[in-house]
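Next up is a structure, given as structure tokens.
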Amino acid sequence: MLVHRSSPTHQTTVSIAGVPVGEPGLALIAGPCAAESERQLRTVAERLALMGIQLLRAGVYKPRTSPYSFQGLQEPGLELLRIIKRDYGLGIVSEVMSVAQLDRAYDVFDCFQVGSRNMQNFELLKALGQTRKPVLLKRGLAATIEEFLGAAEYIVAGGNAQVILCERGIRSFDPATRNVLDLGAVALLKRLTHLPVLVDPSHATGRRDLVLPAARAAAAVGADGLIVECHPTPEQSVSDAAQALSLDDLAQLVTEVSAVAQAVGRGLSYPVERAA
Amino acid sequence: MLVHRSSPTHQTTVSIAGVPVGEPGLALIAGPCAAESERQLRTVAERLALMGIQLLRAGVYKPRTSPYSFQGLQEPGLELLRIIKRDYGLGIVSEVMSVAQLDRAYDVFDCFQVGSRNMQNFELLKALGQTRKPVLLKRGLAATIEEFLGAAEYIVAGGNAQVILCERGIRSFDPATRNVLDLGAVALLKRLTHLPVLVDPSHATGRRDLVLPAARAAAAVGADGLIVECHPTPEQSVSDAAQALSLDDLAQLVTEVSAVAQAVGRGLSYPVERAA
Amino acid sequence: MLVHRSSPTHQTTVSIAGVPVGEPGLALIAGPCAAESERQLRTVAERLALMGIQLLRAGVYKPRTSPYSFQGLQEPGLELLRIIKRDYGLGIVSEVMSVAQLDRAYDVFDCFQVGSRNMQNFELLKALGQTRKPVLLKRGLAATIEEFLGAAEYIVAGGNAQVILCERGIRSFDPATRNVLDLGAVALLKRLTHLPVLVDPSHATGRRDLVLPAARAAAAVGADGLIVECHPTPEQSVSDAAQALSLDDLAQLVTEVSAVAQAVGRGLSYPVERAA
Amino acid sequence: MLVHRSSPTHQTTVSIAGVPVGEPGLALIAGPCAAESERQLRTVAERLALMGIQLLRAGVYKPRTSPYSFQGLQEPGLELLRIIKRDYGLGIVSEVMSVAQLDRAYDVFDCFQVGSRNMQNFELLKALGQTRKPVLLKRGLAATIEEFLGAAEYIVAGGNAQVILCERGIRSFDPATRNVLDLGAVALLKRLTHLPVLVDPSHATGRRDLVLPAARAAAAVGADGLIVECHPTPEQSVSDAAQALSLDDLAQLVTEVSAVAQAVGRGLSYPVERAA
């Protein structure tokens, strides 16, 4: 398999809009679950800049359990992201669910996110293998490590080696947390593959008060970065309100994760001295 | 939700190529995991006819964990199915994984199967909602009943009410069987929705010797039919060899399931007296 | 392993108070979750007799998640069961959680039930291996088949071959049903072991309206019997109220299960013609 | 519930043989899966002393899936632990599976471990509630947080408030790791209860090469300590050989965990400057 690591020093670094994701630095991606308004995005973007975070996540195509739930702003959201990207110079990480969306978003998104529900949407993976942009592939809700790496292999085998893996919690029997953050899998992936491995502590826990400790643990276990949900007014978020951090909480996360990253011999990919 | 049942007698029957799927009859769909050759398909089709089974399953687009595994015969397989359909008058049930495949297979497939991995491929579901052909929607490996019905709702809300649900086993902690057949979910679905509910005892167990008892149990619990993998020479099947029934075993399954169906006040949708 | 089946005809029948549990008959055990009062137990016992059910389940030592929940009537309950046994001639199947309880209940219980939480309470299993009374061993909530058979082996290796296995649902990710009834495991156990295999459709589903279909499915899959919760006034049950059948529902279950049992070439161990 | 935390500063510290377990320090317990020989234990004890680890784990009563597997040295093992305790002054943490074992081990063990399989062995929990020694309660393989805290409540309600919780991995669908380390649950427990929460990275991962990253993650998430398996010659361990650390690896773990503990504002309960 092309995704397998041939030696302990075999490590890939993927560049998203010039920002390195992969060892030795710890990459941070943050932003709202969904793009909601220009004002929301500008507020977030300004704070991210202060914290030294250069990659923005924000969904415009939203996978939702019910067809009657908010499906994202779609094309108007795409235009908002184009403006934000132009004005703040942030790299944009955002989900696509089909080849058609991939085409429409191609010049706006700097990294295509494949969500958990589409981890084995093989036709989409094959299409992404034909592109020349980074892909953030999230682990399926009940995907084994073998399946996860197999999905990544579809993209790499297609010709696109810029794949970033992301553990975001798996399904379990306990409703106490939204999902179960599988950090053992992250440690294992770091041994099996040369691809960068990120962690999404927001979906993994589903509770705002658990995101910080989960983020610290991800940094300690050896993850190559984090993708975190935040919102100017979390309780008013149109989706995932329970798990979004406030922007102040996010600044605190940057500080705490930075300390842990240093303790394990790594620093942030982004200068933390600029953090608020 | 449009998929919800408004009363105990609210039941939908979906017609696949003229064969009713839904109460009161028990529908049977059988065939190989993958279309492999004209000879294989003709052998199966002839025996299905003898057993009174009028719906053939056979994959030409195969979702596989690894990109290096057999991906199905693709378009040449489509041509084989066209021939079989013409010569034997069987209704064709087969999987599509993308809108492009849906378009290519439109005049050959009588029912589009959505596999477990694509249960929440919402863009595909929306496209299927625009068609006027039946859809067999398989439950995701770790999909809750709420998510399963939500996925069906995407299709129905799009304008296509011809949706058949299919339980095919869920992920669990025990490697003893491939998956865990969740017949409690089938009983629950029969209470919650008016859509027909099938069971796939082949993927649910993954072991040939467990398919018959699982099929009998599905009939007893109230399922509206079965979709079963069979092969002229199971041990030579290019995929899912461990779970494919021989054609003789399939005939035995028809006999046993028929007896159970009658015991619960139902018969087969297909006359069993013609079985070998 | 002593519990392994040496040939397809290698089958053990365990006798509980003279009632055979094991092929070819289908054994029925029914009664309330917990013994609550003499009146409750007499009402149940009278109806069981009318239905031809000769084995009564009723807990006096109840394993509960919280120490503040009803823990069973304990010794006064033991006395009630002694009276019921004397007056109605029913065999008593009831749970013990420790060696001390085993000693106290020894002359009242005809079959010791080991609950899911104690499936790997090896000291209890060893003590039961020293007795000469039947043991009904329930599968743990997340026990593999290998672990389940290993637990049974502890009892048999200790010298007591009268072990009955019981599938009662496993933990899964979906809150829609209390547990997931794993009938594939039942079919597999019937191939692996000569011990009788029962099913508990009450705990497996946790919903009254799903108990009947689950019971029919268990009979169809090849289970050797059922253990079912019922109550004279289910909604007033002190525990497991949501899953207890009324006595009329239980009579309906006997009728339906009997029909399925006959369809798979088996009858009830108890004459159904006496059913109400 | 007595185990619930009444305020953010409500924290219990449990003393095992004079060693504090609970905030602010991080407690370390280490030793072999099973006591095997005096030589093995002396080798371990000497190295633990050099590392500043004052609590020894070593099983003499071993819960095993099969009755034919090594069941621990039993009483001779108890005598070995008595000698080690006398000669090295280490606190002894070891598992009991029954009230009888509890009585026999009472003057040797400084902390009674309740294993995952016995988390809901309520009669054992009640007996432990009557003692005046610390209890290390491991989470069941599929226990919810509610059930875990309920089990702890049995002990505390019985009069023994010296309870330490331990997350040791839960069951999942993926065979890639032995269990899934649920650090989100640790973060949640730290919010819900005032009891100390430890992590067992050895059972949680089941692979030697994942124990160190898992241990660092546990320290980062806020765990109050670790219980780790080690062995003088891991590959010769009679049980759990795949997950036991060498003593050199353990020293490395102490160094790395100490660094992470300091990064999150905590130190080890034991002076790390004495580490080899």
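Read from first to last, the chains carry the letters A, B, C and D; within each, the first residue is number 1.
By our rule, contacts are C-beta pairs under 8 Å (C-beta built on N, C-alpha and C of every residue); 3 or more make two chains touch, one makes a residue touch a chain.
These numbers come from a predicted model, not from an experiment.
Undergrad: Using the contact definition given at the top, which chains are in touch with both chain A and chain C?
TA: Expected: B, D.
Undergrad: What is the shortest path, in steps, from chain B to chain C when you may only step between chains that touch?
TA: Tracing touching chains, the least step count from chain B to chain C comes to 1.
Undergrad: Report which interface contains more C-beta contacts, comparing B-D against A-B.
TA: Between the chain pairs B-D and A-B, A-B carries more contacts.
Undergrad: Same or different for chain C and chain D, when you check if over half of the residue numbers at their contact belong to both copies?
TA: Chain C and chain D contact each other through largely matching residue numbers.
Undergrad: How big is the gap, in whole Å, between where the Cα atoms of chain A centre and where those of chain B centre?
TA: About 36 Å separates the centre of chain A from that of chain B.
Undergrad: On a C-alpha centroid basis, what's the spacing between chain B and chain D, in Å?
TA: 49
Undergrad: Which parts of chain B, given as residue numbers and ranges, touch two or more other chains?
TA: 142, 146, 171-173, 175
Undergrad: Name, in rising order, each residue of chain A that touches chain D in their complex.
TA: 142, 144-146, 169-170, 172-177, 179-188, 190-191, 204-205, 207, 209-210, 213-214, 216-222, 256, 259-260, 262-264
Undergrad: Enumerate the contact residues on chain C facing chain D in the complex.
TA: 1, 63-68, 97-101, 117-124, 141-142, 146-147, 150-151, 153-154, 157-158, 171
Undergrad: What does chain B use to touch chain D in their complex?
TA: It is residues 142, 171-173, 175 of chain B that touch chain D.
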